[in-house]
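Chain IDs A, B, C and D follow the sequence of writing; residue 1 opens each chain.
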Amino acid sequence: MGVTSLLILTLAAIVFSAGGILVSKIFVKGTENIQKGQAYECGVPTVGQTWLQLNVGYYLFALIFLIFDVELVFLYPWATVVKEIGWMAFIDILIFFFILFLGFLYAHKKGALKWM
Amino acid sequence: MISLEGLTTLLQAWLHDTLGEPWAFAAQSVLVGIAAITLFAVLGLALVYMERKVAALMQIRLGPNRVGPKGIFQTSADTLKLVMKEGLTPNGADKFLFNLAPFMVMIAAMLVLAPIAFARNFQIWDLSIGVLYVAAISSVAVIGILMAGWSSNNKYSLLGAMRSAAQIVSYELSAGLSILAIVILTGSLRISDIINSQADGWWIIKGHIPVLIAFIVFLIAVTAETNRAPFDLAEAESELTAGFHTEYSGMKFALFFLAEYINIFIGCAIGATLFFGGWMPFHISGWDSFNHVMDFIPSSLWFFGKTMFLIFLIMWFRWTFPRLRIDQLLNLEWKYLLPISMVNLLIVTFMAIMGWHL
Amino acid sequence: MLEEVGTNDQGDMIINVGPQHPSTHGVLHLVITLNGETIKKVEPHLGYIHRSIEKMCESLSYRQFIYVTSRMDYLSSHINNHGCALCVEKGMQIEIPTRAQVIRVLMDELTRLASHLLWWGALAMDLGAFTPFFYSFRERELINELMEDTCGARLTMNYIVPGGVMMDLHPDFQRKVKEFLKLFKSKIHEYDDLVTGNIIFQNRTKGVGYISKEDAISFGCTGPTGRGSGLSCDIRKLYPYEIYNQLQFDEVIETSGDSWARYKVRVGEMVQSMHIIEQLIDNIPEGEFQAKTKAVLKLPKGDFYTRVETARGELGVYIVSEGGSTPYRIKFRSPGFSNLSALDHMSRGGKIGDLMATMGTLDLVIPDIDR
Amino acid sequence: MTKDELKIKFESLQEGLNFEEGTEWLTIPVESEGFKKFALLLRNDNELQFDYLFCLTAVDWKTHLSVVYHFSSTVFRHEVVIKVKIDKANPIVDTVCEIWRTAEFHEREAYDLLGVEFVGHPDLRRLFLTPDHEGFPLRKDYEDPINMIKL
């Protein structure tokens, strides 16, 4: 069906989700209660900022992922033509992986893969 | 089950004859939308029911058995209950993002349906980069989860979202690498080409050990990407109560819940397509009469059968294994799965060039 | 209490776990200081289920107060009763008939087995595996039925009275226990298959929640927590009461001091309890099940202390008597209380997931801590 | 060491100790002054080595309070009971929680329920009761008009 199908599917998802939420809005009679709006923290009120700077550990993984994922995208076109090109493609990928592996070793040595 | 083969072409021809070009297209679009929504709803209900029955099977108990025969309406009743619940938004939340998050997750789940071949000639859009498209869109869901966790203004949610982000992006890599193994063997990113390349035997059978390894890595990565136990750290209930969806209630929670199951279905459908030949019946080259018998089974049955088998495997994992710790989870990916799948890719390349896979 | 909750200057996150949390097994409230996912401090806030049992006991007679103690550590309620009864008997110098002693020990070990079974399932659940819970409850249910037959209750048995036990065993008791043992032996390998041998489970528990032997002594860790650190602290071996000195059983000791060691100790104890029951079940002597005692018990002036080994460790009962029919002051040294005090020490530097594993292997029962 | 040997050992260690009669374990009443030094002696003396404090509690004797310590040695397996007599109006005793770390919680409990002030305790707060609670429930003169059980 082509690109329009994506539009249709997006619309379908929105209609489905919004429909569900709307239906429940119609049926549900909400009650007012101050306690209901509080953040859940095992029944004890939260005090202080939730949106605080988190440890860098989470972000390091995101960064390394970014590097690897971009490399991975380069592999897709390569993969479709491997069989036609033959041995040249194999040597190419060996070099490619070698560089990638060096980067991986570097990240590993720097301790970026150690969870903080 | 009625065969879906050729249904689309028949319908398309009929619509063209009766309505004319522009209206036929509009009618088609509406039909596709309705079909997708129905699929969503039915799959959600069926998979939740299946999960509960599988859990009961593993746990020496009966599972739902009150609402309807064998409890098949239990999930419908649960959904009804969730619809009747008030959807709360916490006071300190970022209301816009908080309400947007379930939509993001649902849209991501819905969009991945496009290139999946449910039966012979039954596919919404057979785009030329089908596999790449799936890999790209399926990781959009993490944005929804991150949004949900961040906007809730809840510490558990935040931690859950952070974990989930680190986890999903990590496992994306080995999932991608194991998909690439099949792409190398097939030489095409188009889903229909990949399925047709398995007409003389599924890759899992004729691809030898490297494909088997790729399949196992893929299965682990799918389990991790859909936040399922033993990788359900984003919603680890014994640590973070409910993780990123702690603050969600009512229908918005139901949407997250549904999206999780749809994502499992999609992951397993892709797995079935890549490694088990999608709708392709079980063929052995040379055994013509056997292949003919296999062809009698409708292709949609083949597809759903294989997908359900993979879903059963993933449910089996969930009810057997304890949860990993966050650092162990990332170690598993970066120190084991990623190197293994890289080496495996090299072996597959070697195999493809030598022509051993034929 | 609440002012401290929030964040501090170093950007650490301060987060509440409990009182209403899936893995605190009750109303324990922990305030955790987190840096990323690493725990910097764990501070227990207690008292949500404090009933001041010690104060209540001061106005109850020596026969009555025993039943209140069932509500402390409700998973080994029979052993709590046992400790209290022993203390009263020590004060009164009552000789207990052998049959009563054997029945008490049998029930003790059944209770320990039931308690460990529940712990086993709950620990797996803390680590994210649901299924083991159902397996352990399948066997635990049989023990509960045994208890119900004889004691009339499944959880708070209240079967022990000063001088013996309340009534004789149910006629079917021996047969049912033997049936249970036979079944349990055929099922216990499932436990190893499901949990012990699981590589994820081993990784989650090995090296987690470490406490050295010296620290274990200093923190007063007893029971499987102390024995997991290589500390010999089984009261049944060190200070035998009833007929424990005539029985053949091993004190299970592991030396690695982590959650895995505590797990191994408890699983080993299940087997040892089974051996004890096997030795006794065919050798229950005939005779009285209760010694003749006065209607109103009066302890002489002085203080009395007894110790018993519950499923969680050493339970001490300290009675100060002024010679009246009620205790002047009573103190229960509960095992969970001391074990909990080591939680902060054990979980520092670990992850949140580690905290759950540590808490799971400490086997905390909150009413035991709060009393 | 047996009870009698312990008695001789203690007499040689410190002058002027008296012992309670008719108890299962050696029971030594001491004054609250210099208790910390005495406690260190218990822990560090090579022949005593009381490394395990298995019970710490307090008793309200109406005229005064006494803090009761039950010590045991995991090396020699002998026990001793120390009773520290303290004034009810000014219930002060030195903390032992840097010697036996289990005392940290037990002392907080004794403070919470009986109002014994442990000097030098790092974190002496209410353990079970709310911070604004008045009175100490396990004292004999504690009155609570709502929640008391009286026979």
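What we mean here is this: contacts are C-beta pairs under 8 Å (C-beta built on N, C-alpha and C of every residue); 3 or more make two chains touch, one makes a residue touch a chain.
Model, not experiment: these values are computed from the prediction.
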item	value
Co-neighbours of chain D and chain C - touch as defined	none
Chain with minimal offset from the mean of all protein Cα atoms	C
Pair joined by more contacting C-beta pairs (A-C or B-C)	B-C
Computed distance of Cα centres, chain D from chain B, in Å	64
Distance from chain C to chain B - Cα centre to Cα centre, in angstrom	45
Length of the line joining the C-alpha centres of chain A and chain D, rounded to whole Å	58
Overlap residues in chain C, where contacts from two or more other chains coincide	13, 15, 21, 37
Residue list for chain A, restricted to those that touch at least two other chains	41-42, 46, 54, 58, 115
Chain B: positions in contact with at least two other chains	155-156, 163, 241, 326-327
All chain pairs that touch each other	A-B, A-C, B-C, C-D
Contacting residues of chain A [partner chain C, same complex]	41-49, 52-58, 115-116
Residues of chain B touching chain A in the complex	28-29, 32-34, 36-37, 40-41, 82-92, 102-103, 106-107, 109-111, 113-114, 124-125, 129, 131-132, 150, 152-156, 158, 162-163, 165-166, 169-170, 172-173, 176-177, 180, 183-184, 187-189, 241, 246-247, 250-252, 254-255, 326-327, 330-331, 334-335, 338-339, 342, 345-346, 349-350, 352-353
Contact set on chain D toward chain C in their complex	22-25, 51-55, 57, 59-60, 68, 70, 74, 77, 81, 100-102, 104-106, 109, 113, 126-131, 137-138, 149-151
Footprint of chain B on chain A - complex, ascending	1-6, 8-18, 20-21, 23-25, 27-28, 30-31, 36-42, 46, 50-51, 54, 58, 61-62, 64-65, 68-69, 72-73, 75-76, 79-84, 86-87, 89-90, 93-94, 97, 100-101, 104, 108, 113-115
Sites on chain C touched by chain A in the complex	2-3, 5-7, 11, 13-21, 29, 35-38
